[in-house]
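Structure first, commentary second.
Lettered A, B, C, D, E, F, G and H in written order, each chain numbered from 1.
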């Protein structure tokens, strides 16, 4: 039986025992050392498996990156520090590491999305996380636009980008400190707003907790929040929003 | 100048001083005692102004509800306790109070959305917040379906509803305790997932903090989180997602 | 020696042992049961002693209020609940209790301040704390103006009051939920901004913690913060700002 | 139209669409790479835009500093670590870096304030944050005096400086550990007190949280609090207090 | 074998199996229903077993109080609410309940201590906890003196009691809000300082956490801290300090 | 197909689509209004579905209890308050409510376990949670013994019960305040120790957080912890430990 | 008297004074410099003394390791960093250090357990803690099996290992981020589940707090939790569960 | 006037203005650069000024140490890291730095105390903080004894030192992880117990918070707590307890 057909059955719960076992062993995931690469995640959930680089050793990452390089498959690794990222990029030529967003990539997934996402930041210090979102969106085949440094300390800077912002289908708003920008954006624009608190700040920002709580309590209805510094998660949610239009 | 025309200009930042002042005094918001009702919020942000009932006195609420009743306008009031809700419903006949979701309502907003939202709960104790989401979605003109009591302690209960869930455009997943259900749902379905942590639990749930943190840290990419017990916020975000399809 | 002269010496650290002892026993404070009323606080610190009503028994309060009533002195008691406030007002006619701000008062201090304070709120639910600030300012002889319900979910409501706000010398901004309004106000106006976080909200507002942290981390420089729900403290600080113009 | 005239209109909300657009593009802020320098912030809010050095890369800072150097404009950059500060100072001669307060500066803003600020510390370990406040005040054209090491473990050290402290118009009190000094100062002096909690301490100081909470709960009315280690914010608030006397 | 002899052996670890078993059954503790009354605690640790009233049902307390009443033994029960305390006092005449400190008592332990303890409070609202300490000290046979309402908002009120305070052997300092008084007291007096944070305050006092953290971080060396609202614990520690002079 | 056979297949992942659907509709869970009763949980996981009473309305509970009563099935409902428990017991005769442990029960599950569990408490105030554990163990068919009031303030009280404790197969140790007892027990006995922190205490116990953290950090290896006040959870874990002896 | 006999008496509380003193000095523990090695811990509590490497200096560790090496006794040291571990392994040949799990070992304890434990992880980043559990289990003489990378983002990866998992007697489930896997495992399998939260994650994972709280609040009854990153503790508990079958 | 006479007057509040000013300038404290050395602290409060080394620059410390060296006065500096401590010791020969306790010292204060203190630790990892206490006690002229590694995981190790412990006048108990040892000690011995929580542990110890909360909630009455890792503070409190016997 062909993988895609099987996956479809699997997703629908329509699969006999033997075929399930066989499928899992060959297609449901790939057993790679101790790793179980979830190769069916994209067709099942609209977001492919992406490798979380934090806390993995270089040896673990080498095993995974080598697998993708050998098969010429697209790959995204997040939260790579410079030492790991540089080492992997040196060893595996098609693997590119970008120190400004902590992403390691091979190519881009095939299925490009219709629609676009705008990424806004409150301040220039939020740029690394915004770049993580932009790089992930690009990997997901989603076109992007950017409006950085629009925080409420000079709110007219936001108004100046209003026309461009209205063109996008999803708004990703990246802000540290008190994290007030998503409230203002959600109240002025019609699109869904994905708020990304950042750890930018000090003292009572408590590594982004202040921004996170602020966004959670937005007085503007409908602000959606992801983890602190989780630019990738915002991009993944954008993909589900755009993909979800014709639910699977 | 006509309100809608003016609003359009306002939204585009195209309006001279005199007309701005005139507009604000008559159309930008309604000054009602100390309240400033933001009547343009729906056309500006896709979500109309909804009254937050918690912490308002009955006198404050009477002033607001009376205004809407007199003008026969649709109205949604959230987080009403039984004493306030019953008193208002008794005084203002078209205003209906539902003690099972804490919502007070007059009618439904005119512009019905295409698309639908499914509301899932982990357990039966999460029902009041799920009902708040369902009632708000209904007020917003969004059709709904429900799959309650699907938590991971008996995950096959989720699988049993998979077909219906796949029909919806947005998934709202309501869970207390450890809040694990949104991760599982986001990993199995393609649609955007709005996770609502609830204060269901005790001890180290810390009034919903455990569920909130769990959802924030979901290993399934793309889970979007709103405030603890914020069923209304999830519905508002769903409206922005559905409305946002043709941004603008 | 006359009290004021003595107090002056005391404040300058110029006073012999015997006179200090004598003064303390008669003028430095009033020993009233176990209470030590700090009658010199206003001339020393610009803010008179104000009685904190929370956590005091009715018996304790009766002792204090009776003292002031008997001497026809101005008095402010904060954070009184309705039971205590009503009981005291019934027993001591010149003592007035206002349930909407939790203040009990006798008159107003003699020395009126030049200058004025504007009290802004983000939402109508913040009114009780704003009223506490307004009542305290009035007790301190400071003229006030008010602009309620100006939160960032409809930021144009703030712009509409800009002219009046510019007339005031100090801005007190009262906000719950994410507490974003003080940042916006501090960035648009020249006056000092005293931010009062309120416990309005639920879930991850954690009884006002979210607003407090947000205000602490304001990206607009110069926001000054007082305790959650501390409308009185904001008024006291306003008095010091206005009084402080000619220090000493 | 001339920038200052335009800015005035803008601040008053009196500006037609075309001129707003034109203004924003040339004068409302400066688009410098991804940065949007808010050049109108001083005339609007009494505090000029100051660059937050923490979390910005040297490349980002080089772009900004170079802009100011080229135009011979005054500039303040806060929270610079030694590596960044030294590199920038070496590359841009008029830019001076002071490692003892983490500030990088070019000159001083033109409009000098009448009035002065005293900066007190509880202990010698609080000096770096006090120096940040003093350097920022100097940049703002405010004259300063200092009284360090006056903490409550030897409260007579405070009394010894009482005469000088009475000369200042605003008191900035910097304290770590339990942060008790601002309460004592606010109770003894008439001027407004800006309390700066520091991260000095260990264990249950939780990086300054103990001092922050202490200051928030001061039993002496009218203590105003800024973020942990935010010497700059205290200086900015002092400027608003001094500037606010004749509100703009 | 006689109880005291046995206890001595027990404390020294010198006791054979059979005698240990026999002793435990008769003297080591009293099995009373599910309770195990630790009758040897005073001779072992200088502080007798005291019953913690919070969280015990009236039935549980009745069982215990009845035991002591029947044997005419001294007894202290702490943290009794008015309902429980009144019911027990009505049923067991020698048992006295004092609603102002939450203590229920029968008599006083026989072995009176040399030495005395002073109990200071920052404000009048701290009185109930100070009274719990005073009542417990009295039960322990320790003579007391009191100096209430000496907080740092009017620090001269503390100085006025300095002579009396110097007479005591141990200082118990009870303070809520920012909890600054113990630091000032420890720096001015030679005696050991036991600091009792109280839950007096609101907002960011977080039920006494601010005072607790403040006392923990005292810049005055040697401040000793007990639990929030633990007046009894401070009295017990005072007893150990006084008893400990000739360690057992 | 017979339920048990089917369940076996299901657990092994061996079941075709049609039979899964059919099974789920009849045997996998019972759809009862919005509830999905997980009737297969015991054979799958060794612990039957137990109803969490907290946060469910009386109407929801009535629906569930009625179902079990009608079918004469054993049932356990936890965390019932007195109002709900009494109402249900009055309406459904075989349903018994015990206010001292908050449990509502019908009978006892059929499959009795070999082995026994001892439930220890540190103090008498921990009794309600210990009783919840004991009642749940009894419902699970596990024989129990009890040793209450053995806390470290009189550690010889623990030693006195050592012989009985050694007879049990699992030790459940219930303690509030600092929660030290599980460490001592785990270091003295060979059996697995399940530690249950309780909310007994006040102030810095933070509703059981202190005990929870203490147990988490036990210096005695192998202490296992459940949620604060979760006596039921400890009993469920004991059942898995006893049942797990012959896994699967 | 022989050590084992004595120990037996000691455990039973049956030992005269002289023999206790003598025993303690020779057999109850070993005084090694300032260390007191608890050599009787295994026979008393089923888990031998294991050395906690974190926070000990190399000198302290050298003293301990040398003692075991000289006597050819089995030894386990946990939480060793690479510098310490490598230094010790170089100096003491039979001592082996494994940098992937932070364990230093000499051999394995003699008494092998019947039964086995399965160690599951949610993701590959959890491997170091899982390896700490596996290495400790091996030291304890417990046979193991492993199923890594089974997290709920691809829950079918868990199902694929179901057969092997059913073979084990105890399940140790290691998970960071939201920590949802133990709930799913406890609901699907009959064995006791020991959940190990890890510090894998970032932002609102707060170094493992999110996972810890999630596991504490599991909706699947009977999940048992150990400290964050405490793989060793899970292994120790497994040993007690397996040893406890025939309680000592 | 002579310093000691003057100090006496000052402590008694008996001093005219001129003499106070003169005294302060010469004797009340020493102005050394920005430092104000509180030379009268010992005679006033029983504990001399001790320099807090954390957060002071080497330049600040050099200024202070040089002052003491030049005058041949005793000095204690706490919390010195190795780099600072070594640099200072190299530059100022009589200044000795001990890296195992972080203390830098010159000599010992003259007035030796009668009485002694025992320092106990739960584990060997707590040694550095215990050594800080021991070194500080020695500087204060208090004789000491030590009993390390007595934690509750092997409680008989404590019993073995019972005789020596009974000889001391004050007990300082140093413990990390769950911090249970002070409860056990306070229940077994008559002397005052000063509990020092340490940051030894990991995960949910939260840098010593677990131990701190545990000690705060001790079920054994009379445990007194100082800050996490504050060995010095425990020694200072011991000095006040011993000095306080004949209160000053």
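Couple of notes before you dig in:
Here is the rule we go by: a residue touches a chain if its C-beta (ideal position, glycine included) is under 8 Å from a C-beta of that chain, and two chains touch if they have at least 3 such contacts.
The structure presented is a predicted model; accordingly, all values stated were derived computationally and were not measured.
The pair with more inter-chain C-beta contacts, choosing from B-G and B-C, is B-G. Interface repeat of A-D: among B-G, D-H or F-G, the matching pair is D-H, sharing over half of the residue-numbered contact pairs. Chain geometry summary: the mean Cα position of subunit B and that of subunit H are 57 Å apart.
Rounded to a whole number, the gap between the C-alpha centres of subunit D and subunit E is 47 angstrom. In this assembly, the C-alpha centroid of subunit B lies 36 Å from the C-alpha centroid of subunit F. Multi-chain contact residues of subunit G (touching two or more other chains): 12-13, 41, 123, 153-154, 159, 187-188, 203-205, 209, 212, 216-217, 220-221, 227-228. Residue ranges of subunit G in contact with subunit A, taken from their complex: 100, 123-125, 127, 146, 148-150, 153-154, 156-157, 159-160, 176, 200, 202-205.
The part of subunit E that touches subunit D in the complex is made up of residues 122-123, 151-155, 177-180, 183-184, 187-188, 201, 203-206, 209-211, 213-221. Those residues of subunit A that touch subunit B in the shared complex are 11-13, 41, 44-47, 50, 159, 162-163, 166-170, 186-194, 212, 216-217, 220-228, 232-233, 236-237, 239-241, 243-245, 247-248.
Taken in their complex, subunit F has these residues touching subunit B: 10, 21, 24-25, 28-29, 34-36, 38, 40-41, 49, 52, 54-57, 60, 79, 197, 199, 207-209, 212, 227-230.
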